[in-house]
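Each in structure tokens, the structures are laid out below.
Shared between the two complexes below is chain A, which pairs with chain B and chain C, respectively.
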Partner chain A sequence: MRPTLRTALALTVWLLAATPVTAGRVVEVEPYRADGWLYVDVHTADLLDPRTRSTVESGLPGHCRLRLELRDARDEVAVRRVVERVLEFDLWEGIARVRQGASERAFRSIDAADSAWSHFAGLRLLPWERVDLDGRYRLHVQVRVEPFGPEERERVSEYVSESERGDRRELAFDLGGLVGRLVGRGGTDDDAPVWTSPPFRPASLPERAP
Partner chain B sequence: MSLRARLVLLFAVLTLLPALPAAWVTHDLLQRTVDIALRDEIDQALEAGVRQTRAALQVQRDALGALGSRWTAALAEAGDPVAVDPSFSDPAVRVEVVDGPVLVEGRLGEVPETRERGAPPVVLRERVDVGGTRLRLTARVDPEWRADALRTSESLQMLRLLRAERSSIERAFLVPFVVIVALALVVAVGAAWWLARGFTRRVERLVAATDRVATGDWSVRTAFDGDDELARLGRGFDSMVASLDAQSRRLVDLETMAGWREMARALAHEVKNPLTPIQLTVEEMRERYPGDDTEYRALLDECSRIVIEEVESLRSVVGRFRDFARPVELDRRAFDPNRLLHDIGALQRDLRVDFDLSDELPAVHGDEDRLRQILMNLASNAREAGATSLRLASAPHAEGVALVFEDDGPGIPAAERAQVFEPYRTGKAGGLGLGLALVKGIVLAHDGSIEVDEGRLGGARFTVVLPSGQASAAAIHASAAAVPTSAVEVDASAPDVRASAAEVPTSGAEHPQRGDGTADDDPEDPR
Partner chain C sequence: MRRSRRHSPVSDTRAWTALLVCLGVVCTLVGAVLPAAAQPDRALRLEAIESMPDRPGLAPALGDLVGLWPGQAIDAADLRAARRTIARSGWYERVEVYTRPGSEPGTLVLRVEGELDDGVRLETGFGHDPLDDWYLNLVGLRAHHLIGPASTARLNFQFGRRRSALRLEIEARRVGGSGVGLLLDASGGAEQWNVFDDDRFYTQEIGRRHVHIGARVHPTRSTALTLWLGRSAADPQDLTQEEGERRDPAPGLVGPFGRQEEFGDLRLDLTLDRRDHAQPWRRGLWTLLRATVSEPDSGTTFVRTRAALRAAVPLPAQQALAFRGDLAWTDPGTPYHLRPIFGGQGSVRGFRDASLSGGRGARAIAAASMEWRTPLLPRGAPDARVHGVLFVDTGRFVDAGGDTGPWSTSVGWGLRVRLPWVERVALDAAIPLTPTETGDPFWVHGSLGFGF
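And then the complex of A and B:
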């Protein structure tokens, strides 16, 4: 590819790229056996970066997505789990909440909630009988945090679009709509780095309560 | 780099040149605008506003708590909630026994069952528990406060969202600009390519034509369409090449003619010199015979007569060679070429003559007698070739006037047309082949040209192009200025070209037409 074309392509990609998501740090991954299942605990850190904290403090929810893959010796995915959590702060009650699915836990401060939503405990992976006890497994973990959920992106997109439309109705084409759509793009799991655990043998894993 | 590539590059640069500072200004303005819109002071002010609204909410909560304390005291004193005199209570606050009667109705209005997530509360609640009796106090939040709180918190949230998405927003605003510039660039490059293609294609054709001319190919023409400068340049080039081609041909013809004339002059000189001694010697031999042998005398007389007749015949031939080689001055005058053709036609008593004459002919500046002579000789040749009708035509020509002489004779085979004007080429027994060479010499002396092809009547068609009055004068002037350079080359083997332009033979033309292949008498008119 010619340098000029490559530069133009890179510029276009840069212009169209979505905002990079924040990637938290995976501190520890602990697989173990419990109740006839293979479980894992994942400890992460630095999920609440300043940008996300800023939006959470304003009452907006922060979104965390953990993607977990158990891979065998042939690097084939044995099981995949995705966990999504939301951290939100009630401005008027002064309470922080961490939601995961239908469950919700309340905390008196954002910091307390942060420590809770960074710890993914008791993630059930595989029934023990389906686990090759002498096989070698690895865990691939991706964690990404966004200060935006789809609703918030839509709000920003509409806000930008509406302000443009309101000011420049004489434009023949919908510049605001275009800008809004470009702003409304979200990140993907591919944006986040993958943390890979050291290999382990299920037979050597401890057994404890989840 | 080719001209086309340079033009495309130029258009691209001209498109980008204003776009780059515009992009810089746009980016700078965008950043400044975003800086202003998302500056920290606004964030801090909105955050302070949120704090203030939270403080105001707390004041309402505290007031409700104080009212709850008073109800606690009153309930402790009365023992029964129904016995409490509620006059001390806020009439806007609803007071009720949990799972019991309402003690104060309050003014709550419609209260939603669930609280909107993240939104300020619609009502505040306080619980009082005294001696197993539980009271619930409910107060509606000030609607104005709630609206202000909602606006402030949403503004803060939107500001935080925008600050978080700042880079994405900047890019999103730049994308349309970049797209527009890219489209403009594509359009500019496309237009440049299209325009340059139309321009450079003709330039390339012109360059190729010039290269071919440089290699001696005078037949090349650009044939540009249109009326722009390039088209005019192309037509000028074509005209120049055509003119150079014609001049080149004429110079070659003149040079060739001069060579032939020099050869004829030398031949005449070499043949003429021994004729008189031969004749005198033979006459001397006859007169000085001393004997009286009558038979021998008769033989001697007969042989002498034959020799002398042949000598006279050779003298005639030498005369014709000398006529061919002799420079003759033209008596140039302006005349009407149509009148000349009419005169020629009127003299052809035994031939049918049709005229096709143009009314828009310029006058010809030339020797009318010489031109009449060659046309008469063409007519004579046609008649001798078996023609029964002639067509005489005239028409304006780019170089002056075209005179067309056409007959219905057997014509000249295409393979022989190129050599038909060369001297010493004849199909007639006894002919010297000087006739059409003389015709061409006269035409060349007029700065004209002559060609032969097949005519409409099926016979030969001679087209004589003569410069018109002005053109002829210009040609004479140009010839006087330009020929000496060429004449240097001609001088090496032939008489001066300028002299040849003035050489006009006095004899007529010879028509080499062959109809049935039989030989005709020599039609040349020696003088």
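And then the complex of A and C:
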């Protein structure tokens, strides 16, 4: 079996076994060498959870954020990439669009667009000369999908609440929740799960076009 | 003190009443015109709000909370702001906010799914009221949905720059699915009354307590009418000298006052809220018209009125021009410690708090501010971490004796910094352009939020 196929198959099987049945599954991560760089393709599935699909069908955008980290044998981050995509449906023209940065692709249906926005191809990670060919690397992948798009500002703790009455505005910090968190009772971050690949050796990766 | 010319109380009353009425008319007209001009073409429109779990009155209360109503044109930015407001309201343990297609193309239904948080929370925090300045909720208890969906009950030890009190507030929104909300506001504590006399600075502690019950209705989507009824009491203490050469306070510096003054109160608030949901500091309008009638247990009935305007107009590159206007009038029988004060954060920022209106308060005030707001870090960002502001404040007042003071004006600059937990904090430095009572060359104020 060729190294490419072997590596991809191993990563695919491992990820399928490790992935819980939730929206935004990572089903295949395929690292390879191309043009003097280390690249990776990421295939995901079920990005459009029912709530985000419903939102897109109503004419508002769904947003996907893929966060990728290449970690070395000491578990230090060698490189980090973030890719953001927006899927929206034009109710008046009946066209679904996937936007990533300045580029945009149009599709006849939401299903067709869903298939396209689930595949993240040609993500450039590191110049090949900076890669330790015999080192062991892992990829950490995190996918977050949400209706309307991401918050413009950073997420603030779940222990902060905000109220507004008339022109009065209050911020409250939940002391009980914070204390509970500190002593280990209750309170969890609901961040998207992180999928970790099995280790791979760059020397065994195939070379192909991105 | 400056003394220009005397006015008769009757002509003063008519002039201030006319000003209040004019401000109300202008605000209503501007509020009616602004949203019509902002309607986009081919806009998505909100058909309904659905709540899971579905409790009577919860869906319309959510609409009140996020300022969305059926028929309104909305976009993704509105819904991100709504999601943020709902998530941070404390009404839910966890909440999902999304939309589904409505019954006609171009319409949509906002769905809010989550587990209601009906536990009692121990909390601390901050608050800001443009009419009463910022305060600290040192420690308190809060519970939602106790007396119906979307109700809130709170008990807090509040400390402000001039106030401290134990305060209980209960708000039952949309009672029984109706359009009426019921309110209770009770507190007991003390207020500091500032008195300046040349280079001497005195403070007077005034014990205060009140119990008010209220009812709120929404005559239109963006207006609220609140009627308050209840009792209040004030207990002025002796003056304490804080600064300057030791000397007993001059007769008539404050007061007259007795011990344990008690009042029956009736108050009517009419608010118009057309602030933008996504960028309230950059666009929108908020106004308040308030009339309070109080009847002391001994003495004659007195009336106080208040009008406030906060407006912001967007400029290119995420900049904004913001305006603040305040008018207040009290009739001559009003106790001094219930009169408006002039000078400081809430009026003319180049002066110390209450330093212009004197120890007996102002019979009437008029103040206006204009503030240019620009994002500094990052430059041109829609929700920048740091904003810079340049402002000019001006205003004048009628003192307790009925004399109209000169215009007082200050200019200044400030920063608005967005912090992860505390949200925005404001720091302003202002220079008085007109004579001061205290001789300070500049004054610095801090507050929460954008200030106004």
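The rule is simple: the second predicted complex is superposed on the first by the 146 of 210 C-alpha atoms of A that agree within 3 Å, B and C clash if a C-alpha of one lies under 4 Å from a C-alpha of the other, contacts with A are read in each partner's own complex, and residues count from 1 in each chain.
To be clear about the criterion, contacts are C-beta pairs under 8 Å (C-beta built on N, C-alpha and C of every residue); 3 or more make two chains touch, one makes a residue touch a chain.
This structure is a prediction, so every number in the text was calculated from the model and none was measured.
Chemist: With the two structures laid over each other on chain A, which partner does A:G59 touch: chain B (first), chain C (second), both, or neither?
Modeler: Touch partners of A:G59: chain B and chain C.
Chemist: Return first, second, both or neither, reflecting whether A:L91 touches chain B, chain C, both chains, or no partner chain.
Modeler: Both partners.
Chemist: Regarding the shared-chain residue A:G149, is it in contact with chain B (first), chain C (second), both, or neither?
Modeler: second
Chemist: Looking at A:R51 after the superposition, I want to know if it touches chain B, chain C, both of them or none. Which is it: first, second, both, neither?
Modeler: Both partners, chain B and chain C.
Chemist: Going by the contact definition given at the top, which residues of chain A touch chain B in one complex and chain C in the other?
Modeler: In chain A, residues 51-52, 54-55, 57-60, 91-92, 147-148, 152, 156, 160, 175 are touched by chain B and also by chain C.
Chemist: For the complex, which residues does chain B have touching chain A?
Modeler: Touch list, chain B to chain A: 47, 50, 54, 57, 117-121, 149, 153, 156-165, 167-169, 171-176, 178.
Chemist: Show me the residue ranges of chain A that touch chain C in the complex, using the header's touch definition.
Modeler: Contact set of chain A toward chain C: 51-52, 54-55, 57-61, 91-92, 147-149, 151-154, 156-157, 160-163, 165-177, 190.
Chemist: Can you check the complex and tell me which residues of chain C touch chain A?
Modeler: Touch residues, chain C against chain A: 42, 44, 75-76, 79-80, 83-85, 88-90, 94, 96-102, 105-106, 108-109, 111, 121-131, 137, 139-140, 142, 152, 171, 224, 269, 271, 273, 286, 288, 308, 310, 382-383, 418, 420-423, 448-449.
Chemist: Please give the residue numbers of chain A that touch chain B in the complex, ascending.
Modeler: Touch residues, chain A against chain B: 11-12, 14-19, 51-52, 54-55, 57-60, 88, 90-94, 147-148, 152, 155-156, 159-160, 175, 178-180, 182-183, 185.
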